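So, here come the structures, one by one.
Both of the next two complexes hold subunit A, though its partner changes from subunit B to subunit C.
Moving on, here comes the complex of A and B:
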């Protein structure tokens, strides 16, 4: 494999982890989060600092997931107070707060970020395999959660949390669980990113990234693990395959997002389902 | 299950919606709660369900003070309720709506929910309940696609699935035609026959008088009548508050 292919596969793996984890929060549990990039960043910084201090890969990944999950649960508490649009606006605030805070912290490298993060020692191919392995585990976890009573309760809370309460479901606890699991996985992706680039800077985790991740979830089909994986892979490859898309990345992604919301709100998963039903009927 | 309200009151801005209500309902009773529009019935149901926090007073379920408990915690103690405005999970099937309710022990906390996958027992229970409420054959339909009468039955099915000891029915007949209303009342009577305490909030006086053994009348947030339905409805104060305007209108013609 060429260095380019290894790099591309690694980015695909990271985007799959991020999109699938965001889908757990926004797709399964209906809590619209536009600040997922901040948790990814928190994980990356936590892993970078842990690696500099200890050079332990497992510890760095554990710290990355833990720091992001703690931050996620704090933000999750906001979801207990504000709903739908207001939660989306709150999470946008978290995204800007994160990059604004990190840029001003000398111990986090300020504007320049943290460079020379110790490598994992696995080499480029080893890193790629590790990222793809975690992406696979994330997909497996998402499928398991979706089929468990937790996923069932998430769907109820996402549709109508007051009605869920009348079935004995503590909506607040489930929303916090969704934020905790989803952001821990985003933090893990951040840790893997720190090994992948060995350089961490605030610009990587800006609001645009969070919007791109939400676009992957919506285009894939909000709530569908398979759809979101396909969208994450497709939307990562698209700018690489078509030069025009790469030059006008935001324009194309924004346009696709608007088109899907307007014409196919169920995303790729919804379109596939409709076509399958039509084919079965005919 | 016994339900007691002790001096419960709540004010919304300048309106005293519920004003010092004290009521005691014994296990196995079938109580009708009536009153003119704006009497405070729905607010009182909200207080019992835990959706509205009272300014003062206590709500007791089976002798335990649940005033500070959430709706979900009250449901797990044996309370169930059906909504005035139906609230099914529209994008789930009818069966899934009831299966989710039947699995309330599985969903008591996220960790327990995450550790359980199997649904066979809950599916069997849900199918059984759907037969009882007359929704057999509609299991696979999306809940949002049902007509209102069937959605109301689905509300009852979900309430039954959480193994309640007391059910609050908030206007279960509203919007139903005469046949649907009569069927719904038969279902509620059958629920009560199983030993479940029933509190029925309803505008349809005829059905309330037919089914309830005790009537509580609210007006301006206060209890103005409480007792056997025939006795309560004959009370001049109740007639004045509840049917008075109608009687006056009749008299004036």
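Moving on, here comes the complex of A and C:
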């Protein structure tokens, strides 16, 4: 494999972890979050600082997931207070607050970020394998949660909180759980990212990234793990695939996004469902 | 005098935010969509203003052209993008809207260049009045005057004319309004037309203030206006006006006092989150989402 292919595979793996974990919060549990990039960033910074202090890979990943999950639970508490679109915009705020805060902190490297993060010692291929392994575990976890009682409770809360409450489901606790699990995974992805690039800066984790992740969830089909994985891979490869339009990449990208949602508002999962229904009918 | 200067800056930014955000809040009030592509409408307004102004040498004509063109664009967005997506979860039209914004921003970059377009004859951006020690830019005064007169006009329109009253009725009780013979679809078009015209006016004025219209001019609107309408209570015009002024002031003073600790956007959103935790429905959110 060439260095380009290795790094592309790594990025795909990271995006799969991020999109699938966002799907747990926004898809399963219905809590729209447009600040997922902030938790990814928090994980990356936590891992970078831990590596510089201790140079232990498992400890760095653990710290990354823990720090992100703690922040996630704090934002989860906000989701108990504000609902739906109010929450969506609050999480946009989280995204800007994170980048704005990090840029001004000398101990986080400020605008320059943290360079020279110690490597994992696994090499580029080893890193890629580690990332893909975690991506696989994330998908497995998502499928497991989706089929479990917890997944049922998440969906109940996502569709109608008050109705869920009448079934004896503690909506608040499940929202916090969804935020906790989802953001811990995003933090883990951040830790893996820190090893992958060995360089962490605030710009990577901006609002645009969070919107892209939400786009992956919507295009995949909200709540469908398989659809989201396909969309994450597709949307990561798309900018590479349309490299030939070079100067018009964003134009084509935006156009395809609009066109896809306009023609298939249910996402990939919706399209497959429609096709299977048609196939079984005929 | 320094603090008065800050207040004037905050006030003019607040008025600018209000012009941008009212269109968004109107769309949300009627359709429950976070209309991110409003930023593209705003940018289109700015571009039409600068291009017509440079071609004719008359800035007023540029702004008029922008106000005439953008409502068509706004209505087209509704008809082609949002109407087919109304039955889906609100994040679906929102992501479509983001896609449109990305597309438009890149289209502007390709058509008019990365560097943007400057006004050829813009004396106002550099004309500074000294009112007993307080320094005010001519464009800032124009923003204040425009905002105040537009909102008075809007208030009169929605309270004194049949169309305006029908509009308000549709926003608060769509079904009952329809049963009284109001065409809800026409109201939606009216809604997009007026909201877009206001965004175009704001776009033209911001372009004049910076003396530059570049592809990312709408970027600020795309997220900060969302914060403002949420703070105002989503769908409430009065709340949006209050929130715009509050945010303008908070930013203006905040950058002085805690600017070394957080940047301008982060200060705005810190205020947003803090205020939302105290009042989860925004300033005037009677209708809980």
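Criterion: the second predicted complex is superposed on the first by the 262 of 282 C-alpha atoms of A that agree within 3 Å, B and C clash if a C-alpha of one lies under 4 Å from a C-alpha of the other, contacts with A are read in each partner's own complex, and residues count from 1 in each chain.
Criterion: contacts are C-beta pairs under 8 Å (C-beta built on N, C-alpha and C of every residue); 3 or more make two chains touch, one makes a residue touch a chain.
Keep in mind the model is a prediction, meaning the values are calculated, not measured.
Of the two partner chains placed by the overlay, only subunit B lies in contact with A:163; subunit C stays clear of it.
Contact with neither subunit B nor subunit C is seen for A:136 once the two complexes are overlaid on the shared chain. Of the two partner chains, subunit C is the only one touched by A:247; subunit B is not. In the superposition on chain A, A:155 makes contact with subunit B only, not with subunit C. In the superposed three-chain model, the partner touching more residues of subunit A is C, compared with the other of subunit B and subunit C.
Residues of subunit A that touch subunit B in their complex: 144-145, 147-150, 152-153, 155-156, 159-160, 162-171, 173-174, 176-177. The residues of subunit B lying in touch with subunit A in their complex are 49-51, 70-73, 75-76, 80-81, 83, 87-92, 96, 99-101, 103-104, 106-110, 112-117, 119, 158-159, 161-162.
Listed in rising order, the residues of subunit C touching subunit A in the complex are 28, 32, 34, 80-81, 84-85, 88-96, 98-107, 109-110, 223, 226-227, 230, 234, 260-270, 272-273, 276-277, 280-282, 288-289.
Those residues of subunit A whose C-beta lies close enough to touch subunit C in the complex are 26, 32, 78, 81-86, 88-90, 92-94, 96-97, 99-101, 103-104, 207, 211, 214-215, 218-219, 222, 247-251, 253-258, 261-262, 265-266.
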